[in-house]
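Mind having a look at this structure? Questions to follow.
Here the chain labels run A, B, C and D in written order, and each chain numbers its own residues starting at 1.
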């Protein structure tokens, strides 16, 4: 599991220091402090790796594409965090700059162009992307530039072991935990024959593997496990394959393809009234506008993340009054706050410096739960342990949260989901 | 090389003198021998030639009314279309199934009813294209002009000679598209000669050429024979043929109905029937109708090209 | 009935919370519910040993089939069901799974499932319903039916491509977007103006026809009069396709949207095949339209004129047919039929700005298979393509089904470039 | 509105990786379509084959980078041969349909679930570019003049890219003025005439397809390396159509047409895109959202392609008489 040895991190910091020495001398930074206005690019400023005194947070989150429904709460989380940080005096005495960009989905090149734009504007920490697939396509680009790649929503287990130069972090737990909880839920509901229909990408495959492990470990049998092409025009063949296996439960690991798959399942006699269907974080959304009443009734789903406290929801609404969904807002918020604290702890906004302190501020020290309080402790020279809204956020050495909470939800007749319970657990069992 | 004009013609006539005037008559020294070539479109038989021989060193005309299958037959022989069955030999070597460019390389070069002068290339480039075995036509050698430039110069000299002969020397660097219809015909003929053919096959060389130029064109055709080449040309106008051809083959409805010296043919009742019948009496077969359509279309396209 | 379901679900949910909370508080345990065909099975002994064989605890399933064993810590445990204690007529579905190795994680309970089935004394479970080869043939039948459904939609689109190609020589790469445009016109009528889909559809088809007519009248027609080359027009059609596609994205966004009616209908069983009423109606409409167009092409003056233009525009013009008028009618009709295909696609699947583009290549495959420019060939080709695409998923992964169709398209061109019904001399 | 950002992004795009990639892709197309008249609608396939050639060799098979390049090139040649055999005897419209289908086949195969272990499925592959960046001649930092700057990695990609563009232009220039190029241009106009002159038309078309395809695969290498990742869906038909727009904008059948086209195309596209985004962000334009800017951009490309072909098919540098647009 542990890939980046502490020695590696030392090297990374050393490298960063040497970069600072070799990079050509730069002009004075003139970033605008406005929260969402992009900073004017420095002419020949040192690479982001060396730090320019201003912590620039680039949000690389979905405004378009398969996961667009996750975008608004995530952006709101980042915006709220930046707002609170700046109200508390900013980082290193200067306001944090936020730049919003679209991550699109893997069908487009938007993410890559957005990353170019972010790197161009001396971003130190990239918050994103939502989709594991998108993150994979930009991770090399971001980490090679010495910038922290911090995702609030990537859950693919692949990132735990990815060669990320110690720069990849996430506040969403690896799907090892969600898969385990979902598998257990399916077993608990007494389904001995289970079908998994998953989206074919690193997210879908990773989660499907974990669900399979969990279901068969608990005595159930996976009768068919089908990965489908997310861009498929129709899913009749995939569903026919499942129909042939005649399962009692179906784990549907999907994004917005769900709106195509559910009617097909119903058509082929596999609706939620006939078999037990389970959703996951990728498709646990409000479908009240998409389906007639009762279509999804009884479907259960899992979503990483603790309940967003009501006052947090209120604060999010003050940033974006149109919010209806809260998925991954706490994780986005925590990612931003953690980055700011790490920069403060490292006394540098450089990506590599932030990365070197992120694990430190997440655990082992005096507990604090908001930026202002943590900042005060840091200024006193104390070691801090930030406990966030998404959970205690204790980073493992690979930059994954080692503990997390998974919520279990169920759909009602209005096709909206409501929480049944939350389960917490350690990711590495 | 330049033999006496009268001699060549006389030689050809002498050789053909003893040949009987009947379809499929054997020739003393045939360069091209065709057996049982059949081409069908759908259920319609466009060409069904039992046996034809072309005498080396002669000018042979292939005539027939519109839709007789002359061009289709031409296409079979030159590899531009695949015959359903049949066999033919050129210089004694079997030629069926040989692809169009191979046919040309073996010395059987054709021209087209609708001139295919490459109008977006200059006249000189058109000529150079005709030359065979060019070193610079290999991709890798093309990168190094030193490897092909000397040969290119030789080709240019040869092309210039031919252009002079065809009175196109002045147009050397013009786009072929700027030439008149007749000049294009001349260019196409000259370009065909760049290939170095033994048998030149001209598809309606006089079509679309203004009468003033026709005589000059005919002169060039005769000249080909004097250069030692064999000429086979398609024509549907009987009168045009009389002057220059040594031998005439008549096709109608896909088959050879008569052959012989021009004067004999002009008097042949079957030939006159075929010409008149096709135009006035018998209803058109579908194949003929199609052939006519193709021609109409082709003419239309030519017109459009002219305008463009 | 529905109320009962809701109540029951709520009850289950409440139960879940009740059960979940203690485990949450008390630490690690193993638990499960024994059921046979929905009925709880009680009095069955379950024993738990630690990974190295030390006994940890035992439990007997209660009247509700539930059992639970507390374990001291996280780790690996062996859970064994004593088969002798199973009631008569109940056996383990998988006899070799009487003992399971289960990982328990820190702070969490872990559910364990023993699958039970009814069986005889020998312990052989009766086979579950619907397995084996009959399930396979059911799937084949289902796929064939889906293939027919897809093929009909492709055929509607292909008809337009083929007629437009036949009369103007244009290979229209924007034809996929004509489907999408039709579907979204109906969406606007249906969703924005609140018209029922049954009313919106004919109206949308009429609007689509107007769109097609206008396109020819004000765009393609003038281009042809300018003597724009065919290759040029082909590339222009690509520009048009991109413009239309992204105009729809601009207007309607990238999400999948459904019509107001007939969403997520319950399936009905038709012999071995599952379908929905809306699919059957859609197929009925498609077949009716295809037959109507076929008859019109064969028997009406206009149809004959169209085929004449398709065969040879010059000849048709010279025999007194108003070619331009025919072409405009063909465009109007082709677009209308394409729009209908789009609406049917949107009804049976879902609306998306890329929906037409996704079937464009399949339509081309259908047209090419049948022979470019022959309307009836396009019909046959499309049905073949539709069936092939769906049925091929028996042997190839579903995501590669289009690959199969496209590969066949290329192979067909290799051996019979004129298509199934095309004439040989049409190829250049 | 941040005008510096707008213009610097536009200029960067005009000389940046997008321009290089599309310049190479369009140079390849220029050989196919501009010089030979082959209506290849599957150029994206060649880029995909190149990108995945190097990515699969390095990331999946763990073999050296240079072997990956060799395999990518070989794969492009093979793809051209496989594509050419059934299609080069066909009419332009059939050729267009088949090439677009073949490129889609490549894309669907590399993104397929079944071959995920090899090609990475819809996520594509990454972690193959370290050797390439290991050869970087620039030390880390930002390089540039005024607001226009690239980091050392991008600059390395651009250096390699523009050298490749220059080399490709030089080769195209040399072969197109040779007898080989003369045969191609003649084929573009009338292949029967060329056949009647004893040239193996099929062979020449195949050579052109391979040559243009190999240059396309170079674009594929750069595409993958500049992003340090390959994504199958980036090699969709839109890439080909963008390349056509680039080619026609610059001028088909002109050595520098594709290069000029790529520079102007990307400069304009990003100028409009960033400009609109800024305008929306600063409430200068209020009736659209930032997310709609992307779709407007694509609409403009489509519209641009249409208008170019109608009013200036020869593009900026071209000669109208020389383009194979009236062919059938």
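Assume contacts are C-beta pairs under 8 Å (C-beta built on N, C-alpha and C of every residue); 3 or more make two chains touch, one makes a residue touch a chain.
In this text, all values refer to a predicted model and were calculated from it rather than measured experimentally.
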Inset, instruction - Find the chain most remote from subunit C, comparing centres computed as mean CA coordinates. - result: B
Inset, instruction - Count the C-beta pairs in contact for B-D and for A-D, then report the pair with the higher count. - result: A-D
Legend entry - Distance from the mean Cα position of subunit D to that of subunit B, given in whole angstrom: 44
Inset, instruction - Averaging only over C-alpha atoms, locate the centres of subunit B and subunit C and give their separation in whole Å. - result: 58
Inset, instruction - Between subunit C and subunit D, tell me the centre distance in angstrom, where each centre is the average of that chain's C-alpha atoms. - result: 33
Inset, instruction - Return the residues of subunit C touching two or more other chains; collapse runs of consecutive numbers into ranges. - result: 227, 399
Legend entry - Shared-contact residues (touching 2 or more other chains) in subunit A: 64, 200, 228-229, 231
Inset, instruction - For subunit B, jot down the residues that touch at least 2 other chains. - result: 308
Inset, instruction - Sort out for me which residues of subunit B touch subunit D in the complex. - result: 78, 80, 99-102, 104-105, 109-112, 116-121, 125, 128-130, 132, 134-139, 142-143, 145, 148, 152, 175, 177, 191-192, 194-195, 308
Legend entry - Contact set on subunit C toward subunit A in their complex: 2, 5-6, 9, 13, 16-17, 20-21, 24, 32-33, 35, 74, 79, 93-94, 97, 100-103, 105-108, 110-115, 128-131, 135-136, 138-139, 142-143, 146, 150, 254-258, 263-267, 269, 274-276, 279, 349-350, 355, 358-359, 390, 393, 398-399, 401
Inset, instruction - Please name which positions on subunit C make contact with subunit D in the complex. - result: 165, 169, 171, 223, 226-232, 234-236, 238-247, 249-250, 253, 361, 364-365, 368, 372, 397, 399-400, 402-403, 406-407, 409-411, 413-414, 417, 427-428
Legend entry - Complex contacts: residues of subunit A adjacent to subunit C: 64-65, 68, 180, 184-185, 187-188, 190-193, 200, 217-221, 226, 228-229, 231-238, 240-241, 243-246, 256-257, 259-260, 262-263, 266-269, 271, 290-292, 294-295, 297-298, 408, 410, 412-413, 420-421, 423-426, 429
Inset, instruction - Sort out for me which residues of subunit A touch subunit D in the complex. - result: 19, 22-24, 26, 36-38, 40-47, 49, 63-64, 102, 106-110, 112, 116-117, 119-121, 132-133, 136-141, 144-146, 162-163, 200-202, 205, 227-231
